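Right after this note come the structures.
In the two complexes that follow, chain A is the common piece, with chain B as its partner first and chain C second.
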Partner chain A sequence: MNDYVLFGVLPYVVMVVFLVVTIQRYRMKAFSYSSLSSQFLENQHHFWGSVPFHYGILVVLMGHVVAFLMPKAILWWNAAPLRLVLLEVTGIAFAVLTLVGLVNIMLRRVSRRLARRVTTPADWVVYALLLVQVLSGIGVAVFHGWGSSWFATNLSPWLWSLVTLSPDVRFVAPLPAMVKVHIVNSFLLIGFFPFTRLVHILVVPNQYLWRRTQVVIWNWDRSRVRSVD
Partner chain B sequence: MVFHLDKCIGCHTCSIACKNVWTDREGTEYMWWNNVETKPGTGYPTKWEDQESYKGGWKTDGKKLELRSTSKRKIVPNIFHNPSQPSLDDYYEPWTYDYSELFNAPEGDDQPVARPVSMITGEPLDLEAGPNWDDDLGGSEVYAANDPNLDVLSDQQQQQMKAIERMVMFYLPRICNHCLNPSCVASCPSGAMYKRGEDGIVLINQDRCRAWRSCISACPYKKTYYNWSTGKSEKCILCFPRLESGEAPACFHSCVGRIRYLGNVLYDADRIREAALLPDDALVEAQRDTILDPEDPAVLDAARRCGIPEGVIESAQKSPVYRFAKEWKLGLPLHVEYRTFPMLFYVPPLLPVMSVSEGDLVRSDVDELFADIEKARAPIAYLGKLFAAGNEGKVRYALRKQLAVRIWRRHCTVGDVDEAAARLALNEADCSPEQADEIYRLSALATWDDRFVIPPFQREMAMEMIADPHEHRSAAGFGFRDAPRRS
Partner chain C sequence: MRRQAVLRVLVLPAFLAGASGPLRAQDAPSEETIAFFRQNCMSCHTIGGGRLTGPDLKGAHERADEAWLVDFVLDPKGVIDSGDPYAAEIFRDARGVYMTQVPGIDRARAEKLVRLIVSESAKEKSEFAGLQVSDRPLTDADVARGRQLFLGAATYQNGAPACVSCHTLSGLGGLGGGTLGPDLTDVYDRLEGRKALAAWLGSPPSMVMQPVFEGHALDGEEILALVGYLKSVAEGQEEAQPASTLRFVLLGFAGAAFLLLLFDFLWRKRYRATRRPLLRTSRHAAAGSHS
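And now, the complex of A and B:
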């Protein structure tokens, strides 16, 4: 029953909250759609938090997405033990990088008076959730090894069962508690996502790479312009 | 825009006018969209001209033009930590005083003191720097000696400057230059920054700004600022709400010395790129070449075909900026070597020698009424570094012409300079008597209407250009920015 609530119902509740609030916030309050940068107020410690955290979490997240989308490819790759170990070690290394960054971010937010000034309770909710997520993730990787393989065999089918609106919690039920914590916490993160600074992920400036260098905007309709004197 | 430095008295009225109108909110306390610096000096933010550390503006190898900070290529690996972002320490931490101490302090032998408290954290603060900390310290070993522009001077010239130190200084008022080739706009990852086509004002869309802060590193003049409270960058908006109602920007309007001139020019945007690829000493002339003659029939024809309204063309013809920057060649861009082509032109200051120091004594017995500009207190090379990317000829031309106008006017009004000598001076300065009179009039006697030629951007007329007012009235109802519709 509990499993059903946590892995069959919670994901849908979270996704509804995520979609509705994300879209509404963008429509009503586009002004707030960014991560409030504090690099201007504190420029040294910032590097050792932000950079390792972001590079770490990007690689780790990408691993999760690939395992979700292409479980067969992961299983094929892991068929050779050497490749399996390589994948696992890479994953753990980037997870540790993420942890180092996150700890630095939190230390900075506590110890630097100007950074503290712009840190909100919502930021601490994000940091706490992220800390649980990263620690449980590293715990799973260390104590319940070869996660890349059983993610493909157990979690991918479960996630796909959610996507197809026929939630099947039997895939998740037998997993160890630490894995369950990791999963539930990840949905909490998604649920809190639209209320926090995390929305900046949705506005990464990819268009910059191909837009024209200079931007000129005319208010006048120059084809219909008329004399104004 | 033209700032006539020979007339600036360094009163900071412009800065205060701007401060009171635009930057007295939380997060903007440290910002001075308009500031007045003492030169030689380190400026605001400290040593902003040192692009080796701030990485502002463009660089070129003659073929390609690239941002010195985060170009398209460099933004991806650097997006999580801006490597060339100035921090609050480069400006100063804003503060106020705890005035309640003055009233609430217990009775004692000492005067109560209002302690400074940070306007960011509210905690007591030890003051280390503040706005205009180096005001008037033209001879300071701490500030003036660290001016990044002094490195163009030879050791001998630096020695000369030191010999007359504490006497060389002038004021440099600075606002956003609303550049032709703005590096801030080019660097904005979100595409929130843009140049308004109608008047060239560079703005930041606050709803689209996502606080990547690239503009702050990319602007070589450090005239975009990060609001730590809203997480948005902000900058001088040239008081566009005032311009649109026919008023001059607050800093222009309040200028006590009447050093500021405002007007539009017609320019050829297609020439900007090739101009920016030229070597440093050709840049002043290249920028002038982009500005077009508003009386030339071919230019007028092209402007009309491009949809430039008659009113805008007429104000371009009356523009004082065209006079100073293009026709008379008196106005020079600040640090054009950053290749942003700033549209704020400075008339360089004449700094005549008024007295000579001999040991501890100061002798004020300069014989000539108008000393040669080569003997001016600030070396031409220093002014050349500031206003002509090292091309001293451009500065010399502007100074010589200003001096010639003075000699001519002395002849006209006082009469102790004979006409032949005055005409000779004008001739040598490439200036006709008529032009000298015009320069004199616009420099010394100009009225509000002469100094500020604001194109008709009036709000109600701007609306007519976007929509038919009758249609808009029936669609928008009363007082709504959007149509009062439920869906």
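And now, the complex of A and C:
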């Protein structure tokens, strides 16, 4: 029963909240769609937080999405022991990278005066959820391997059963507690998503990657503009 | 008794022979009950195929009455621990292995299962006589193929996933197999040999494996190859492998450290290119304006 609530009902509740609130927030307060960067306030510690965290989580998240969309491809890849090890080690390396980044982000938000001042309670909710997510994910990878394979055999069919509106929780119910924590917490993250800085994920300026470079030319005396008087 | 006798007369034509007991007076077992039995009981029991981990259930209703069987199926450990003499005998025969509580069992379902046992016992050859895995001797070729199937280098005919996804055993090399399920190094001994292990593989009763293997059952020859491989592993004198978990974690940390160094190198101009020149200009300007 509990399993049914957590893995058969919660996902739908969360998706409804996610869709309704993200759309509503965009319509009512479009300019709040941002992570409100604090990089200008402090950018040295910021580098060791933001960069490892984002590259880490992008790779790890992509792994999850691929296993969800193409479980057969993952199982095919893992059929050779060396490839399996390669995939798992890559995964854990990027997961540790994510953790290093996240811990740095949290330390910076506590220790740097200016960064602390612009940190909201909602930010701390996000950091706490992310910390649980990353730690439980690493725990699952280390103690309940090989996750890349059994994600494809157990979690993909369950996720697809959710997509087709016929939730089959038998795939998830007997899994170890740490796996369940990781799954439930991921849905909490999606549920909190529209209320927090996480919305910046939806408005990443991807076009910056391919737009033409802009040359900024200052045609005034910069030293005068910057002088104190 | 009188009523039973009447019922027996009424249902006799339907069952032709061997009818006895009140549970008999029902319809033939449903597809659902048959599937449930196949899924949950066949890894340890046959009906007329001999003993596996648990006893052969052919004629079980003649050794104990049906109400007793229903109670036992509902709570095997409870009945055994209650000191019931027949349960104690069963427990002894199973060499001290408790029958597991069947997932999703309730009284109605237990009654249906007992009814199924009764009707199947009456048949000359039950469809639950067990998976007919050949008795031929296991060869080196089986062992080699079993290893390939275990690792996923060879694929199962019905598309079941490779064992290595969730299980490890000694002598695998590399970082070993998965750790979601139990280590299978001594599973051949644990399940007391070929017959029971083959039955287990024929319909895995583990809650995690059940939905995954539904519709992807292993074929008899594949099972034999796996049994051969698992037997060779159990008999092998391979030294216990050092914990691969630690190596895995260390590799993860090494990989992350490498990536951090890479980032530091790739963005080596991160302060020099923009921020520091800007600061310098502004400080210079500030200093200039005071002079």
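By our rule, the second predicted complex is superposed on the first by the 206 of 229 C-alpha atoms of A that agree within 3 Å, B and C clash if a C-alpha of one lies under 4 Å from a C-alpha of the other, contacts with A are read in each partner's own complex, and residues count from 1 in each chain.
We adopt the following convention: a residue touches a chain if its C-beta (ideal position, glycine included) is under 8 Å from a C-beta of that chain, and two chains touch if they have at least 3 such contacts.
The structure displayed is predicted, hence computed values, not measured ones.
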item: Which of chain B and chain C A:Phe171 touches, first, second, both or neither; value: second
item: Partner chain(s) touched by A:Asn154 [first = chain B, second = chain C, both, neither]; value: second
item: Partner chain in contact with A:Val51 - chain B first, chain C second, else both or neither; value: both
item: Which of chain B and chain C A:Asn43 touches, first, second, both or neither; value: both
item: Set of chain A residues, in rising order, touched by both chain B and chain C; value: 43, 47, 51, 55, 222-224, 226-229
item: Chain C residues touching chain A - in the complex, by the definition given at the top; value: 151-153, 155, 161-162, 164-166, 172-175, 177-180, 206-208, 210-212, 245, 248-249, 251-256, 258-260, 263, 267, 270-271, 275, 281-282, 284-286, 288-290
item: Of chain A, residues touching chain B in the complex; value: 30-31, 33-43, 46-47, 50-51, 53-55, 113-114, 116-118, 200, 203-205, 207-209, 211, 213-229
item: Residue ranges of chain B in contact with chain A within the complex; value: 72, 75-76, 79-82, 85-89, 120-121, 123, 181-182, 185-186, 188-191, 193-198, 206-213, 216, 226, 228-232, 306-312, 314, 456, 458, 461-462, 464-466
item: Contacting residues of chain A [partner chain C, same complex]; value: 43-44, 47-48, 51-52, 55-56, 75, 78-82, 84-85, 88-90, 92-97, 100, 138, 142-147, 149-150, 152-154, 157, 168, 170-171, 173-176, 222-224, 226-229
